[in-house]
Amino acid sequence: MPIIEMHLMTGRTVEQKRRVVAAVCEAAARALDVSPSTVRILISEHGPEEFSVAGVTAGERSESKTIK
Amino acid sequence: MPIIEMHLMTGRTVEQKRRVVAAVCEAAARALDVSPSTVRILISEHGPEEFSVAGVTAGERSESKTIK
Amino acid sequence: MPIIEMHLMTGRTVEQKRRVVAAVCEAAARALDVSPSTVRILISEHGPEEFSVAGVTAGERSESKTIK
Amino acid sequence: MPIIEMHLMTGRTVEQKRRVVAAVCEAAARALDVSPSTVRILISEHGPEEFSVAGVTAGERSESKTIK
Amino acid sequence: MPIIEMHLMTGRTVEQKRRVVAAVCEAAARALDVSPSTVRILISEHGPEEFSVAGVTAGERSESKTIK
Amino acid sequence: MPIIEMHLMTGRTVEQKRRVVAAVCEAAARALDVSPSTVRILISEHGPEEFSVAGVTAGERSESKTIK
């Protein structure tokens, strides 16, 4: 049944999304020894203000890099 | 406390969303014997390139159907 | 594709779980006009210290009710 | 490792998002006694038709308040 | 930042879990052209009564197969 | 409505869980200017083989540290 939710930054192209789900599905099916047809993958995209490490959003981090 | 997250394809109308949360809330509350007021439902929508089965996104699948 | 994740308190019986997924699946399929076979439901259970409202866990709340 | 997903209604400003992730990261790191650099926070936003309590979406609720 | 949550049925061995996260991490990092060190994977396990398709839990399905 | 899901490693004490949800709830409510009573927090715990960075589970990492 693997159901996989991938949280990615916004900005991936259609090509990248198709490539990543194909690669992750194949990797998961092979490693778990299940049919690829049982693997479902959801992508959830997060903008630069919707992801943070250490309490600083990606947007804030890139701003401070640009300024300095 | 039921907290329910529903992942749906984009494209549902406001009417459909209101109908599905009303129906799911009632079904869950009745089956679990809790007050409907304790049921919270979140909807997360995924575009055709953000959902895949067997490593093929919904967008890719509908393209190949159109082409053939 | 509806993929539904239900967060419940621990302690539901097998019967209750079977009943709630049957009821929620039927409600969602009917309201969204999709085949029930496309509906997948995951249950995630949370113990009394793994759910909180207003910063107070369910375990803490029931303790303070018992004490008073 | 704390990985935190916050579901919020749409409409928060960039300032609010930066403030909330800074505050939540600090609170979690301090309470769990881990380095803030290990805390990752994802924000997922939900529009008024993508969140419901008691089977009524936030959009529907605010409409009925306006009408009355 | 890819943060990946994999929902699996319970019962995978430690070896299988290590193999699947290694394979999925490599596949995601390569396809997205990011460093593997940025990829975090969470596994959430679900017992036979915590996963259902078409409103029937995995436990119920395997029972009815055994009976027939 | 903030609904917050915190993914933590297993092993936190009841005290730590109560402390972290109290602190995170207060931080979120203050930063977002909402009532604490609207904040719900779910904790999901992951064992050492259910969390990985760079394709290596926490369990595998601590083993290799012990061996060396």
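Letters A, B, C, D, E and F name the chains as they come in the text, with residue numbers starting at 1 for each one.
Everything that follows uses one rule, which is that contacts are C-beta pairs under 8 Å (C-beta built on N, C-alpha and C of every residue); 3 or more make two chains touch, one makes a residue touch a chain.
Computed from a prediction, not measured in an experiment: that's the story for all the values here.
Asker: Please determine the option from B-F, D-F or E-F whose contacts repeat those of A-D, over half of the contact pairs being identical by residue number.
Answerer: E-F
Asker: Using C-alpha centres only, name the chain that sits farthest from chain F.
Answerer: So the farthest one, by centre of C-alpha atoms, is B.
Asker: If you tally contacting C-beta pairs, which comes out ahead, A-B or A-C? Let me know.
Answerer: By the number of C-beta pairs in contact, the winner is A-B.
Asker: Over half shared or under half: which fits the residue numbers at the contact of copies chain E and chain F, same or different?
Answerer: Different: fewer than half of the residue numbers at the chain E-chain F interface appear in both copies.
Asker: Which chain has its C-alpha centroid farthest away from the centroid of chain E?
Answerer: Chain D.
Asker: If you average the CA atoms of chain C and of chain D, how many Å lie between those two points?
Answerer: One centre to the other, that is 20 Å.
Asker: At what distance in angstrom does the C-alpha mean of chain C lie from that of chain B?
Answerer: Result: the chain centres lie 16 Å from each other.
Asker: Tell me, which residues of chain A touch at least two other chains?
Answerer: Residue numbers touching two or more other chains: 1, 3, 7, 22-24, 26, 40, 42, 44, 46, 51, 53.
Asker: What is the shape of the graph in which nodes denote protein chains and edges denote touching chain pairs (line, ring, star, complete, other)?
Answerer: Topology of touching chains reads as other, fitting no named class.
Asker: Could you run through all the chain pairs that touch each other?
Answerer: Contacting pairs: A-B, A-C, A-D, A-E, B-C, B-D, B-F, C-E, C-F, D-E, D-F, E-F.
Asker: What residues on chain D touch chain F, complex-wise?
Answerer: Interface residues on chain D, with respect to chain F: 1-9, 12, 16, 19-20, 22-24, 26-28, 30-32, 46, 51, 53, 58.
Asker: Could you please specify the touching residues of chain C with respect to chain E in the complex?
Answerer: Per the touch definition, chain C meets chain E at residues 14, 17-18, 21-26, 36-37, 39-45.
Asker: State the interface residues of chain C toward chain F in the complex, per the touch definition above.
Answerer: 7, 44, 46, 49-57, 59-60
Asker: Mind pulling up the chain D residues that touch chain E in the complex?
Answerer: Touching chain E: residues 1, 3, 40, 42 of chain D.
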